[in-house]
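Going by the order they are written in, the chains are A, B, C and D; count residues from 1 in each one.
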Amino acid sequence: MLETRIIVEKKPKFKNPICIVGLPGIGNIGRIAVGYMVHELKAKKFAELYSPYFFPFVMINNNMIHTLRNEFYYYKGKKNDLILLIGDCQTYDPKGHYEVAGKILEFLKGVGCKQIITVGGFGTGQVSEKPTVYGSVTENEMVSRYKKMGIDFDISGQIGTIVGASGLLVGLSKLYGIRGLVLLGETTGFPIITDPTAAEAVLNILKKILDMKFDLSKLDEKVKAMHDFIRKLESIQKQAMEQLGKEKKADDLKYIG
Amino acid sequence: MLETRIIVEKKPKFKNPICIVGLPGIGNIGRIAVGYMVHELKAKKFAELYSPYFFPFVMINNNMIHTLRNEFYYYKGKKNDLILLIGDCQTYDPKGHYEVAGKILEFLKGVGCKQIITVGGFGTGQVSEKPTVYGSVTENEMVSRYKKMGIDFDISGQIGTIVGASGLLVGLSKLYGIRGLVLLGETTGFPIITDPTAAEAVLNILKKILDMKFDLSKLDEKVKAMHDFIRKLESIQKQAMEQLGKEKKADDLKYIG
Amino acid sequence: MLETRIIVEKKPKFKNPICIVGLPGIGNIGRIAVGYMVHELKAKKFAELYSPYFFPFVMINNNMIHTLRNEFYYYKGKKNDLILLIGDCQTYDPKGHYEVAGKILEFLKGVGCKQIITVGGFGTGQVSEKPTVYGSVTENEMVSRYKKMGIDFDISGQIGTIVGASGLLVGLSKLYGIRGLVLLGETTGFPIITDPTAAEAVLNILKKILDMKFDLSKLDEKVKAMHDFIRKLESIQKQAMEQLGKEKKADDLKYIG
Amino acid sequence: MLETRIIVEKKPKFKNPICIVGLPGIGNIGRIAVGYMVHELKAKKFAELYSPYFFPFVMINNNMIHTLRNEFYYYKGKKNDLILLIGDCQTYDPKGHYEVAGKILEFLKGVGCKQIITVGGFGTGQVSEKPTVYGSVTENEMVSRYKKMGIDFDISGQIGTIVGASGLLVGLSKLYGIRGLVLLGETTGFPIITDPTAAEAVLNILKKILDMKFDLSKLDEKVKAMHDFIRKLESIQKQAMEQLGKEKKADDLKYIG
């Protein structure tokens, strides 16, 4: 596999689709929030993304080989269909971030998607009981509309950059004729793995943006289940990295990568 | 050479071919086991794989230049032809693992292969006189069939991941219409180079899976011969890395790779 | 995005265009000088360059997502049209330097550009009140012409190499049928961010080379404004790198890159 | 520039061409020996090779920008035409070695070349007044022929590997229908830059292999001249690496490569 590949299992026809992206990151807020939407909306998987820029190992899960991937789900909505993108990981490689983001945007463009919303976290170092949801957009006219829904756009001073998929997918969206919004849930940023409170705050904003209703009462319970899986995945990644290190004599190879 | 290349020397027609992969790794179990099969079955080489992601050096062996490679052998069986893949090395590069695995699977798909079995080792830190052979598969229905042959699938708790070719070849096989099985021979994982006991355990399982008979009595002797070659290769790799280091002023280049 | 891309917004027809390049570097002299020309000449943007070899993050600037890029501006001159290339960053990757330079030169060749002038800094470690402008060219016959304009070509002894875009764009220009000149403003090279004095020295030379008049009296004021933006960008880059480090467990990943 | 490129300036028709390669390496023996042949035979340049895997900087040499490159020269011989390949550098990147070697071999195949001889050094740690010339080949039948000319093939025990271009060009030559010979001049391997004695030993062997006569009496003088240039290039590379380090904040970037 030379390049990031998206394997399409079904080809649904989409009506004004909006893509919501929740990949692992600070507080795993995107992953939890969009993962919950997939579950609560009973969204259906229709495509998978594999990348040579993901870690070169597989996981074993209930006897079965699980290959690291991102997954595209869809939900047929009233006004807009939703494409929900979740996944096991982001790439570990700076160039890989551009490749993966480019492949996703190309794919979304191909299925007629004109809008992307990525969900991430903004680590403040402090615990907030009522986390703010910060936003940033690709077009200025979007600001006033989203401000009314409770998104805080006053962040230039505080948040300088967004690293990785959440930022780059929106940052490059314009090149593919797609408009973008980043939603960042305020979170401590401490190395705790999941922050359901921030995820809930983002989901409440998403409900307004999408003009949809879905139940959030099962969030805590679902987050707990996801939490265990995510913790396993993360600890496994750490183990695998160490194993890689031992096998390949990492110290000798450092200058070779 | 910009990409991994497979050079085909002969083009045999295969009857329901199954590919068995034994590349260097923990305990070199795959390499020993499949290398022994190549020898014992008098399998014939029909293709070679070269990769820009292998180490950039050549070995000198009996006056001759030996370029690092993987080799495809075939054996005409009764029910199934076998494609045996062995080699000098795996790639040292995470992205390279995906490229090499992808090229191999593409090639196998092209020759009509529908099943791949990779052989590796699982390091427990303990010496076992009767090593267990662990397994993992791409499709759930395969589990019950292989359990009967003595493969232990109860490993999620113990083995989190499989790093490198053994894992990735099976993990990506589905994308190429191939079903996969990983066999992991229980071994200490200490930096001893070869573990013939674990290799024998895996070979006994392979005989059942393939419904084939071949003599294992010469294994110890063959492993000893291979052991010397492998030890030379490994020590040469280490030397070469150091030489690379000195020539290229590795310390200055570390941040450049 | 697999490769560096240049997105063309308008396609002006150019009359004997000369490209002047000012990207971030030592003393940010090129960036300030050419940035000032863009402003003073009211040059118009007509293309943008994005690269997978730029940092994998976006900036937030006045509510809006800003993706790292280089920008092409044009100015319709009397004898020569000007193509002014400025940008947020250079690549952090050695191979990326070649890719970005190659893409720019290919693009310039495509719009009929036959000459490129890159502007950089030469750090002497000393403060100079009247900085020398050093030069180097791709064709020997250019030396005498430019010497008359006050460029010092006597630098082989002092300046051994030019690292990055300023050097490589000129060094590879010949392969694209373009002749090149590097201008290096003498500067301290201390980690201060901008050196308007050296930029002014270079601009005075550029006025002679291009046989153009433009006012330099607003340079200090503009440099101050740019200085703030550049400092923000640089400090943000530093933050982002640290954030990347924390998120991706940089220490574990070092040997993986 | 995305890939290594060979720019052909003239297209001579070759009669049974043999390519002799002398690139920088241990003792710079190949570079000196083949560089001397270029000079002594008044060979003519007909092509240049540039690579994104070379260092991303240019040198300044007598007012002019010098871009790192390899150069192809030709000499019309009686029985065989010669293609002489010399250059400023090898790549610093393992994958780059494969790309550059592959491009060279593809090019040689294209001009009808069926044989390649690479010249390198073998560092023994000891000073030898009459250095041995070691050899290794791609085809066993070549050994006896070359043994008669004084090449020592008894090296498996001593020389395990050949790192970089000298080895890989021969190691991959078979894939391009080219047969290969590596000549390694015995040298101390201490960080002195040039070893004319070993170069002379190799040149004496080359004269026999090629059945040619050329004067070696000016070797010392020429090596001295080359020595100065090479030392400048090497010291410049070191400086440039440090400069790169400072500019790009190497320490922060280490895990990014």
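List of remarks:
FYI, a contact is a pair of C-beta atoms (placed from the backbone, for glycine too) under 8 Å apart; a residue touches a chain by one contact, two chains touch by 3 or more.
The model shown is predicted, which means the values in this text are computed figures rather than measured ones.
When chain A is laid over chain D using CA atoms, the rotation angle comes to 180 degrees (nearest 5). Taking the mean Cα position of each chain as its centre, D sits at the greatest distance from chain A. Different-residue interface: chain A and chain C share under half of the residue numbers found at their contact. Annotation: 49 Å between the Cα-based centres of chain B and chain C. One inter-chain figure worth recording: chain C and chain D are separated by 35 Å, centre to centre, where each centre is the mean of the chain's CA atoms.
For chain C, residues that reach two or more other chains under the stated contact definition are 92-94, 244, 248, 253-254, 256-257. Considering their complex, residues 3, 25-26, 92-95, 97-99, 101-102, 136-140, 143, 153, 155-156, 159-164, 167-168, 170-172, 175, 180, 182, 238, 241-242, 244-245, 248, 250-251, 253-254, 257 of chain C touch chain D. Residue ranges on chain D touching chain C, taken from their complex, read 1-2, 5, 7, 50-67, 92-93, 232, 235-237, 239-240, 243-244, 247-249, 252-257.
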